[in-house]
Amino acid sequence: MSRIGVFVCHCGENIARTVDCAAVAEALKDHPGVAVAEDYKYMCSDPGQALVKKAIEDNNLTGVVIAACSPHMHEKTFRRACDQAGLNKFMCEMANVREHCSWIHEDRGEATDKAIDITRTIVEKVKHNRPLESIHIPVTKRALVIGGGIAGIQAALDIADGGHEVVLIEKEASIGGHMSQLSETFPTLDCSQCILTPRMVEAYQHPNIKLHTWSEVEKVEGYIGNFEVTIRKKARSVDEDLCNGCGDCQAACPAKRIPSEFEAGLGKRTAIYVPFPQAVPNIPVLDRENCTLFKGRRKGLAKDVCGKCKEACLKAAIDFDTEDTFVTEAVGAIVVATGFKLYDIGREQPEGLKGYGEYGYGEVPDVIDGLQFERLASASGPTEGAILRPSDGKEPKTVVFVHCVGSRDPEKGISYCSKICCMYNAKHAMLYKHKVHDGRAIAFYMDIRAAGKGYDEFSRRAIEEDGAEYVRGRVSRIFREGDKVKVWGYDTLSGEQVVIDADMVVLATAMRPQDGIRELAQKLSVSTDEHGFINEAHPKLRPVETNTAGVFVAGACQAPRDIPDAVAMASATGAKVLGLFSADELEREPAVAVVDENTCIGCMRCELVCPYGAIEQREICAVDGHVCGQVAYVNPGVCQGCGTCQAVCLSKSVELQTFTDEQIFSEINALAYWE
Amino acid sequence: MTDVAYYPGCSLHGTSREFDESLRAVAAELGIGLAEIADWSCCGASSGHTTDHLLGVALPARNLALAEAQGFDTVLAPCAACYNRLSAARLAIATEDGLAERIPDVLGRPFANSVEVHNAVELLRDASATIEQKVAVAVAPNPLKGVKLAAYYGCLLVRPFEVCGYDDPEQPTSMDDVIEACGADAVDWDMKVECCGGAFSVSRTASVLRLGRAIIENARSHSAEAIIVACPLCHSNLDLRQKAMARRGEEPLPILFVTEMVGLALGLAPADLGMSRHFVDTAPFMTRLVKQAAERVVAEKLAKEEAAAKAAARAEKQKVSA
Amino acid sequence: MSDAIDTSGAAANGFEPRITAFVCNWCTYTGADLAGTSRLHMASNVRIIRLPCTGRIDPLFIIKAFERGADGVIVSGCHPADCHYTTGNYHARRRFAVFHDIMEFIGVDPRRMTFSWVSASEGAKWRDVVNEAVTNVRALGPFDAYRALAPEDAGVATPAGPAAEVATPAATAKAEAS
Amino acid sequence: MSVPSRTLAAEVREATGINVATCYQCGKCSAGCPMASESDLRPHNVMRLVMQDRRKDALGDQSIWLCLTCETCSARCPNGCDPARVIDAVREIAIEAGGADMPRTIAAFHRAFLQQIRSNGRLHEMGMVVEYKLRSGDLVKDANNVPAMVSRGKLSLLPDRIDGLAEIKRIFEKCGVTP
């Protein structure tokens, strides 16, 4: 006969306010199998836990039920307490009378009745709990970092410096991400390239970092400590070992008018190209979409119409017939750092977004976005740092900066604040005024959000010292009139309509997660929010973990982030990964399926449904050694404890420990009491 | 093709007769049957819903109910204002709590809210393929070929999007498509969807003059030769009031209904399209267009002949050299 | 017990349904937690039984729940493609497609069962699922078709009566084996 | 006007389902409003006054009658607050409250218009112009246009009256509107 202790927590007022905790304890006191039932103000406090431990020892309890908060909150706490009191920790369960009861009901009578039901149900379950031992699984002390922007680089460096191997993959031809496109960075106005490039090189040369550029995640299998990741190395057409980055191929390439992604469309590149001079690695890729030779091949021409790059390459590093290749890497932890992209105001929009018809759907040439302005202002940009507008290359004398384009605009599909725009707009206004002294910089804003060290001072400086004109109000329409760009705004502070004949308009468009984030999230089985940003495990207390153990998140793929934030998160993931790698083995709950070989009929239906391939067929031998049958075997290291196998088992021979049929049916039966 | 229920609305029986006349003429040409809703009543225009929301829904609803009772599933409301009120009522009844139940009582007749509402531009856009063909095979030279026209949508054809929704509310293209189908050039200008002052034509003329002027000036600065509209309000504001807007010595800009334009392209006579009813005299404009067209035809003819002659000459040479 | 949200139905027939909910630990259970932390008030007629995954749900659980006096059942897990165990909820979904007809066959009105996907971030959706299920089942009235089958002394630890075989066939199987 | 128990915002919400608190006063509506230059209250001001329950200021101001209902504000509102619909509602509330300060001419126009519908079922422009002149009092304006319109067949001297007049009257009664 089981001797179960029931401990009802008041959680201060949180439970006691709507649930009569004493009544709950009272109701369970005489329930068959219950040895002791008590209530206490704070079960999770030291005295509370002491009370539980004492009760275990005094009544040598066989099981413990804590009627308190969600198991997701404090199960660990109380199981530890039981363990210390000498009771197998898996004999302890939580009855959730807070989240699932006191917090969602008002009527004290109802809530108390329900609390009693919930607690009794768990008591009945615990009667069938069995003492179990935790499972120990090995940890592969290698990490995968997805995304070679500043966040990915930082995470990779921190883990590598911690003495563990890192596989860093980047879908573009070079690492560096958006930061490499920036001119100067707020609030210090130091040159982005100057602080980033050394980090890129360091990552490339680090003995512990293995870099795959022009690569993407194809498949992810396994679980914390034991992932197996398949990486697709996209056909580069250039042999990374042979190439010495001389650049002769680029010089030879006839297709020279392709809009450069790095220059945000303001500059041109060749078909075989290195995205930018400081690229790491300094090895070109061949853009087959725009390559003359491949265009010819797609047209089905008999012989290749070009090949100048190959002829120019003295190292014979170019091969037009390479195909995508796949490499698999075994890692123990994964850091997602895929970063962001900007909201494109055009007519064509992905699900849920609308675009800006009132701003001409981006068809006015002198209306550009923030990244394009960064390239204009960048010394290494298409204009070598001169602010010249795209349409006619003239120096704009009046530039309008528009905040919150896309951001904070639910009607366009984005409700959140992109966080960085207020700052980079101030920076843009400054840079512009520094370069064009007689120019006007006019910024339309709703609020100035400059929370951060030195941030507000910075944005004030743009107004007070550099003379940027800030107008509080959203812009209603932007359209081209002659060689001017008309801007219809409103100054809500002076209460007047403001019409400006601008020479150029810079839109601070919203930050969105990178393309393909949802597919990647699915491969990693982590969840995303409605905008596609990766969900952290807890908004406050677990900001860089995800709901999948062993997968961490850093930078702008989790929410809009500026550089300091992204770097801080990256280092946090570094610490998390190093922490994970500090032990040789992971302890896992024994929530795994076990097969009863006596009753298993070897139909192997379980094998079919197992999402983890944890089940295999095994021969069993009789005492004399001859094979007497086939049965299923569950590999406890691989099994994740979903229990699907048990639900399909014909002979009821496979059983998920911690969720056995007996336990669940007892819970169901317990509810029959609720009349 | 089966008939569509035709809801002309008050203006098309009054101040904008030409819209009605040209529409009927064009529909006939395109083989679209129009059946005027028997005993239709006014939609209430802006006065209706400005004064009382329910009234603003009930007045148009009566006409939808009539069309329903007379066995139609679509109503054509060429007047942008009527179109907007009819569709708005349809939407309100479909979405607002309890309205669907309440309306039959208010109307004193059954109503299932089952008919769709279309406007003239929608109708013509959908028929633009046919228009193109007919223009191509027309005997008379198309007077509109290469003429620069500004499509003016105003408010009621495109806003609110939930109500209209057949075209982009900020950068609409449907009327431009019809213009192109007529062989003319749709100019890309900026006032397509700005308001002309609508119902204030009589009660607050000053505003209408200010707003109308901005529209006409912008159209002119984009070298439009005429403005195309599909709304009686816009038309009377820009046509009737243009004299008052104009500065001394300014060439007036003809304001044509989209149906009139299509009619011209199809080779119908301006008079049959009611173009004599305009306040901005369309006669000079038309003579110019016809002249241009005639000259074009001649020029084309000459070019052909020259080409033929050259070819002959070449052939001759070869003979000789051979 | 009376419905905290909508008592109109209760007033009509004075009946308060008892509903057993089988939810997965990762999405719906956490979603229900979120409803709690967000203090979303809802009907108190539902009792949750936590499972690792909807894939673990054996149709017998549901039959058992009805047999033991539930008037309605809710089954809720992760959204398709969001399963913590990657594919568990697909198996569940497939199984329940068939299961629907079986229930009808054995005399349980399928409207007594609610199948839904509630993610960890959908506290409000969980509240709606609960309230709707309660309203629907209340309208259907009590389910007593199985009361007769239920044994007089509803033994809990080891369910007696016809339920026994249903409950732990593994145990009986063992008995035979040894 | 009588002092109502509920806030103006609550009344507007009941009439339109719009929660004016969603307006964050960005001013995009007023930036594009064609009548902004002529009215003291711009769309976002009206939203603000409703938000703050400043009934007198909102209902009493002429501006709400200067709205063309061109819907530009609503079309571009980032939060879908639909200022045009809110202003519509405010006007209705103003009429009910009786404290409406509708500019004479505009009031006259609307009444004249509705009167025409009520008595003919359709708008008889000539009749309306006459009616409007009498109500508004500006007898000269536009008078010179009339002959031109008649000559162009744009103004018929006789109204065309519909058969279902009873239905129209019923509608007006049911809506409690007497122009």
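Going by the order they are written in, the chains are A, B, C and D; count residues from 1 in each one.
Here is the rule we go by: contacts are C-beta pairs under 8 Å (C-beta built on N, C-alpha and C of every residue); 3 or more make two chains touch, one makes a residue touch a chain.
Keep in mind that this is a model prediction, so the values were computed, not measured.
In terms of C-beta pairs in contact, A-D outnumbers the other of A-B and A-D. A separation of 51 Å divides the Cα centre of chain A from that of chain D. Averaging C-alpha coordinates per chain places the centre of chain C 55 Å away from that of chain D.
Chain geometry summary: the mean Cα position of chain A and that of chain C are 33 Å apart. Among the residues of chain D, those touching two or more other chains are numbered 72. Within chain B, residues 169-170 each touch two or more of the remaining chains.
Multi-chain contact residues of chain C, defined as those touching 2 or more other chains: none present.
Interfaces, counted as pairs of touching chains, are A-B, A-C, A-D, B-D. By the touch criterion stated above, chain D contacts chain B in their complex at residues 15, 17, 34-35, 38, 66, 68-72, 74-75, 82, 84, 88-89, 91-92, 95, 103, 105-106, 108-110, 113-114, 116-117, 121-125, 129, 132, 136, 141-142, 145, 148-149, 152-156, 160, 162-164, 167-168, 170-172, 174-177, 179. Within the complex, the chain B residues that touch chain D are 10-11, 13-17, 39-42, 44-55, 58-59, 62, 96, 105-109, 155, 159-161, 169-170, 193-195, 197-200, 202-205, 207, 211, 240, 276-279.
By the touch rule above, chain A contacts chain D in their complex via residues 358, 404, 408-412, 446, 472-477, 488-492, 495, 497-498.
Those residues of chain B that touch chain A in the complex are listed here as 168-171, 190, 221.
Of all residues in chain D, those touching chain A in their complex are 24-33, 36-37, 42, 44-45, 72, 76-80.
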